[in-house]
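Input: one structure, supplied below.
Letters are used for the chains, namely A, B, C and D, taken in the order the chains are written, and counting of residues starts over at 1 for each.
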Amino acid sequence: MSKPRDPQTLARMCADAMLAEDKAASGLGIEVIDVGPGRSRTAMTVTESMVNGHNICHGGFIFLLADTAFAYACNTYGQREVAQHCAVTFVAPGKLGMRLTADCTERQRSGRSGIYDVSVSDETGNVIAEFRGHSRTLPDKLIPEA
Amino acid sequence: MSKPRDPQTLARMCADAMLAEDKAASGLGIEVIDVGPGRSRTAMTVTESMVNGHNICHGGFIFLLADTAFAYACNTYGQREVAQHCAVTFVAPGKLGMRLTADCTERQRSGRSGIYDVSVSDETGNVIAEFRGHSRTLPDKLIPEA
Amino acid sequence: MSKPRDPQTLARMCADAMLAEDKAASGLGIEVIDVGPGRSRTAMTVTESMVNGHNICHGGFIFLLADTAFAYACNTYGQREVAQHCAVTFVAPGKLGMRLTADCTERQRSGRSGIYDVSVSDETGNVIAEFRGHSRTLPDKLIPEA
Amino acid sequence: MSKPRDPQTLARMCADAMLAEDKAASGLGIEVIDVGPGRSRTAMTVTESMVNGHNICHGGFIFLLADTAFAYACNTYGQREVAQHCAVTFVAPGKLGMRLTADCTERQRSGRSGIYDVSVSDETGNVIAEFRGHSRTLPDKLIPEA
């Protein structure tokens, strides 16, 4: 398996390599809907085990959804990347049964550092949370080159 | 049930009120070990469902542990408080089987806003992550006054 | 002077009202090049008084340029807005004599809260810093309505 | 000039080396009142050139005061350190004539990365702003070893 020249194919291969070892995302029902170079989309439905007594989703699960989108977006260049620093702003409550979508785009990439923005929205497109993640490139490859 | 004058008793009553409705923390095995006015300690063991193929804990679960400590620390005054904005820095990897402890202290409280700092450490006291949370006081009471 | 219906005219009137009382921006040589609803562009040249012995611009002045763009972008709806929380990532050093431009766009606006992103670039378009600002709407008007 | 064994002496030597090349801090009237290993205190009086028409200090100058405290606190080990990412929360307005003090302490240091917290207060001890800075160690030395 060699590193492909086409960025979209490489992004897809990286996502597949990550999905194969990712029990956490699947355990929470997080789906990776789309990936491309420096971007991704994930989705999750708010379940009973994610809410408090008022049926409001714990912010930590919204973070997890956004953080997963961030991880799949920055790990699309064949090199392994990790999160260094993340910030999240909670704009509106997530509620039981809501289908949440996290869209991640690349803000900036320079040397071994990257900045990625994620918007989490409900089915009607209302923003639930805004997330910014800072990545750092590790020496190890996610996709071995030929 | 009236609001007690003693801050430590009030903090404990708030934690009990929150625990009664908190399926999310218990579902992840997060324990609330200690609470007091403006502070709390939570703990969690990194399980198989929290790690990737390299047995490294997903950052989102470390966030969840810290965010839970933050929630139990800011909700100790009888009034309901929510997270507005949180930032986390990942300092060292969490690993399968590690027992992680999150210690939350109050940095600042003014009007309806508060700032709380959480350090997440492993069994040997090594810091795994540093978290800062911003809270906002809601109009509803967590503990009804007499 | 009544509040105009046209968003671009209102944005321009807000900027003029702010510029009239803004000694700080002018004292640093910060120019407000462009404004529109929820956006602005500011520029500044790195001078001797902004650098250290290695001719590297202090990060605080880069923050000031970005923060000014943020202030002019969020204050474009006739209501007075203030900064609550800001974060800046320094991507590359600013150097003596560089002409820096800060472009601010609105990420999100909901109720009394807004999120704005600013990129600071040099003349060649290289990013120097990324900034995210959180605004809060005050009760007072910047432009009195008729 | 060799690197001293005593941490307090080394911290003082680092501060003196930085002050010698720091036109920016002195130009704003920022004083470095105290330094020690991983900590510092700076102070500044809010002048006419820092305020808007309502005599409220621009947040950028409060950032500059806090950022200077951060720089003097992290640069106390003989190695040159730079700011990577900083976040500031504005708690109360700074006003014309106020004497502001910024106290910086080290939260965490691990490998080439450090986290520092700064509280900015007025004369009566009221907190004006809370700041958290992330530093990165550069290969160059601030104080050459013998």
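The rule is short, and it goes like this: a residue touches a chain if its C-beta (ideal position, glycine included) is under 8 Å from a C-beta of that chain, and two chains touch if they have at least 3 such contacts.
None of these values were measured; they are calculated from a predicted model.
Annotation: C-D is the more contact-rich of the chain pairs C-D and A-C, by number of C-beta pairs in contact. Ranking every chain by how far its Cα centroid lies from the centroid of chain A, the top place goes to D. Chain A and chain C have centres, each the mean of its CA atoms, that are 30 Å apart. Between the Cα centres of chain C and chain D there is a gap of 23 Å. Within chain B, residues 85, 87, 89, 134 each touch two or more of the remaining chains. Touching chain C in their complex are the following residues of chain A: 87, 89, 91-92, 107-108, 110, 113, 115, 117, 119, 127, 130, 132, 134.
Residue ranges on chain A touching chain B, taken from their complex, read 18, 20-25, 27, 48-54, 58-61, 63-64, 67-68, 82-90.
Residues of chain C that touch chain B in their complex: 85, 87, 134.
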